[in-house]
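Residue numbering begins at 1 within each chain, and the chains themselves are lettered A, B, C, D and E in the order written.
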């Protein structure tokens, strides 16, 4: 039961994006299309899982005083790994994610989970937490990317769904930087409304 | 002090471990990454030069007295000659100019008379749905067969239609190509002098 | 002696001026009407009147729905401010755009620009201008290409729709005597891309009394409400008389546009055209009706002057070097962002206050 | 059929080995501050932008700290890249090395400030640790490396980016001061309206798009 | 025409003076029962020295001075003390009053008349002004003798009489100036002598040409001012006439100026020249809510209801009853409150005249900023106060607000600016006090 909680926490209740609003930069920058969103989600999930695992495995070995630098080294290692592998096997995606891959290093979600969770829990729990948080991050990216890609390009995952007429003249701003901020504001407001409804119902 | 040393040692050890792991992965992927990069560019060069001949090969060409029309973007005009069976059949170069929100990089292939054989945008970061439309093969297709030095938008007296509302990017593409071709021409690469 | 009588208590003062927010807003609506008449004359019912009506209807409807959703009194939807936003948004789109464009812009202006922040008085930037900027970013083609020429609606067969015309071509049309080419500012800007000689000729053509006259009377391409300068000035005069407008922002803004237009607006230093700068684009509409939006401009006197000068400078910078031919709306939006800071650093010296010099 | 040297020349010299023109410097400065503002259009440094913009004083402090650290980062990352990573063919370690440099630098700056200027330390101290996890800082190191800027251009790029960050932060702080008094609907209070406000700023900054020098 | 002098800022409320301006002052007898407040003046209330059943005579002291900033109180009539009680008052919710059943109003001077006041010493004059219970009749009812006794080291060089009367409806000072010019002139000379000032002047707005003329004839220097509210506010009057600014947190005497209301000057003349304590005053009764507006010379302690009856009674619609004018006057819950020395007018407003009481959001139109005569930023202070940001309100100078109401008056959103600012002032003062303690 508690393992399930470790796993599912990140989906909604502790969703790193919508609840804690961490890791905003890649989220806002790369939610322009489903393709980017899923790519970034996968990359971040990979790093999250393995940094969580490595840190919880070594949590008794790493001296407390230098734990943060150690975490950073681990995280940077996994990030570089993803970077290289992606460049080798998915060059197009690698190109469109650009600078945000190395920036996963400073993604507060990952360091945050290391410090708040992996550092105190078993390897199994941490693994599940990593997967759960990763899925939560990816889901959030996908939600945002769905809205932005459909509004801003008239397509979803590259498939034209609103017709050519719309695709010729979409609400372009949705995939420009302002669109990311404004839509994020409305999504957060929607969450606030849903939460309030739930509270009242309870 | 000993404590410090110990901590430093542990951190160092961890870092080395990580570096070693990365070194290993790097070894596994380095060639592939490099090859990917080369391949991407080679494919691009090959595809725009396809009409110049069969079994093409490329070689960089030092052109004496070549002016650099791209100084304001901080780039240089570098020419590659296109060989078919050891014979020079054309040139490839990359043109640069600031478009709407980025420096647009257009790779162009010319025959030895300066006529465009093909072109492709290899880098741009223009407005999606607007400036980016210039990268479409359809639009690029308009350049093929034109005299490179005369490539221009209709607005500017040429033959090429601009994407509505994105003249800036269009000018960057056409203007930079024409500039490059003109520079090549001035250096005497076309016509008799060029054909050797 | 008579029984003591009792009365309602209230705080002083017990006297109020007859001004009310509603009255101020409807005064602005009235002041904007002459320019609407001008726009209909120039661009026709379909080209000008319809977009304005739709835009106002959409703004009021959006306001109503938002207030309803938030459980606030819906009567505020008719306090006039949404109508002003709707009109000004429509004034900021080119004539003859598809009907849904001003509607979408108005809805964005009201929902994102105003009601999300809490409605009248709470918004931080000018809603109408935000709506316009939203349209610019989303539909740059519709917003910047295909200007219909004045009087085209009355004589479509004459075919001086400028959509296909080279922007540089600035001619005086025999029939309508209008400055065409996409817009005068577009032509001015494009002149810098030409070779020196040709560009200078274009600019010279734009700096003539004939052109100024056409600019004053609206015989030129431009957004629905920005072209009829004379009628806009008439409306502004009405607002001055009604004490709705205060001189600082319009004067500082237009003064700065003229000054920097002269200093920076030309090919070289001090080679611009001050009068042309003020009369083209949206400077007059913006200076009197949009930079003056009280909610989003500074409250201090010095602040208002700084605001006007800042916006004027940015306008010219964008016109001369920016990606858009016109910078009026963005300049005001950008200064809106700085308004809280301006207010903070320009607090007036209180009566009797001796400022310590830091 | 092709070899890399050849391609490098065909694609032009991406690295800006030579001198840097004034136009290029101006372009970087205006680009970093206005056109491609780190926060409002490049999405770098969003977290501190949202976190430290509640008060004008802290925004000013954070802005100053970021300018300083980013300039230092650009310089030291350039040095390590050119002097260590490239000669030893350890380019793939750049991410690790850069982040460690930044962490160490922030520590170092903190110590130096504490020792030599306690006043400045008190003013900036609390913001310094936040900077380590500010993606704008690592971002500028990576951007400089990828663009192949020389030392001078790298520092210009970093300072311009940091000034852009500071500008956005300070404007935001002023606006949020007023937002507190706004009659914001309940559902919008807090984060939602802050994001929308950032979006509004970002729209206004579009006005600088395409600004050419 | 040269531009008339005035101060920066301010507003132009409808003057509404025509209702009572032409009505000569009517002296009305004291009613059967009067309630004389012991706290008419600013400072400590006087200590009662009579008890229920005592006979009192006109001019007799019924309350004795209680400290430096305090004054004695006198009985305006001959009669019997019916009791001492706590009763509602116009300027505060309630306070100690002496209830007197009136028998008659005859009687000679309470003090020795000094028609030759020129030959009296400064100290004698000031002592007399104190004993006569003279306090300011123009505003805060500050004990006049205190103002005449500047602390050592402060040199007074300017005496200004305040004849601005800028509040709408009020015409008491106006009538006083044209009907009793000589009293005001004598009072002015006495005050000038008490302060060793050579060239006193009276400031009058140009909407009272007859008063300007009357003073001119009496050989008094008149400073004509452009009509604007609040021209009569001390700091604004000083700025308009002398160009000097009273420093923030300071008093007029810091810049060598003393301002006295024209009514105060007349009271001083009565006290010194005629030996009369301060027993009566002129009250304007006006507003759309009374049938026959006018100016009345009434005994202190007369209930408002009696004056309203003198003015023909209430009209059909009375939304608000005010002590003072509509800008700064206080709304009264009952008309049973008595006239005090500071009661310059009683105004009954109809619902049409009275300000709307529904507040809209601040649209930051800056009218309040442009109008504030103290050059504050009222909208910002108010909004900070609304959100309980007292420190920020203090930084914006909330304490300098004199509650003149100009800002609320001009506000198109009908914001309760004065209310918010006063609340901020209370909180700031409270926190400063607790910090000192």
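Simple rule for what comes next: contacts are C-beta pairs under 8 Å (C-beta built on N, C-alpha and C of every residue); 3 or more make two chains touch, one makes a residue touch a chain.
Computed from a predicted structure; not experimentally measured.
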item: Each chain counted as touching chain B and chain C at once; value: A, D
item: Identifier of the chain whose CA centre is least distant from the whole-structure CA centre; value: C
item: Most widely separated chain from chain E, with each centre as the mean of CA atoms; value: B
item: More contacts between chains, B-D or D-E; value: B-D
item: Geometric centre distance via CA averages, chain E-chain B, whole Å; value: 86
item: Chain A-chain C separation of Cα centroids, rounded to whole Å; value: 41
item: Distance from the mean Cα position of chain D to that of chain C, given in whole angstrom; value: 34
item: Rounded Å distance between chain A and chain B, as computed from the means of their C-alpha atoms; value: 34
item: Contacts with two or more other chains, residues of chain D listed in rising order; value: 92-93, 96, 100, 181, 183, 186, 188, 193, 196-197, 199-200, 203, 206, 209-210, 212
item: Multi-partner residues of chain E (at least 2 other chains); value: 361
item: Touching two or more other chains - residue numbers and ranges from chain B; value: 15, 18, 22, 25-26, 37, 100-101, 127, 130, 168
item: Listing of all chain pairs that touch each other, if any do; value: A-B, A-C, A-D, B-C, B-D, C-D, C-E, D-E
item: Complex contacts: residues of chain A adjacent to chain B; value: 32, 62-63, 65-66, 69-70, 73-74, 76-77, 80-81, 84-85, 87-89, 91, 152-153, 170, 172, 175-176
item: Complex interface listing, chain C residues touching chain E; value: 1-2, 4-17, 19-21, 23-24, 119-122, 246, 294-301, 304, 343, 347-354
item: Chain B to chain D touching residues, read off their complex; value: 15, 18-19, 22-23, 25-26, 30, 34, 37-38, 41-42, 45, 57-60, 70-72, 74-78, 80, 92-94, 96, 98, 100-101, 105, 107, 122, 168
item: Interfacial residue positions of chain B with respect to chain C in the complex; value: 100-101, 127, 130, 155, 164-166, 168, 171
item: Of chain D, residues touching chain E in the complex; value: 180-181, 183
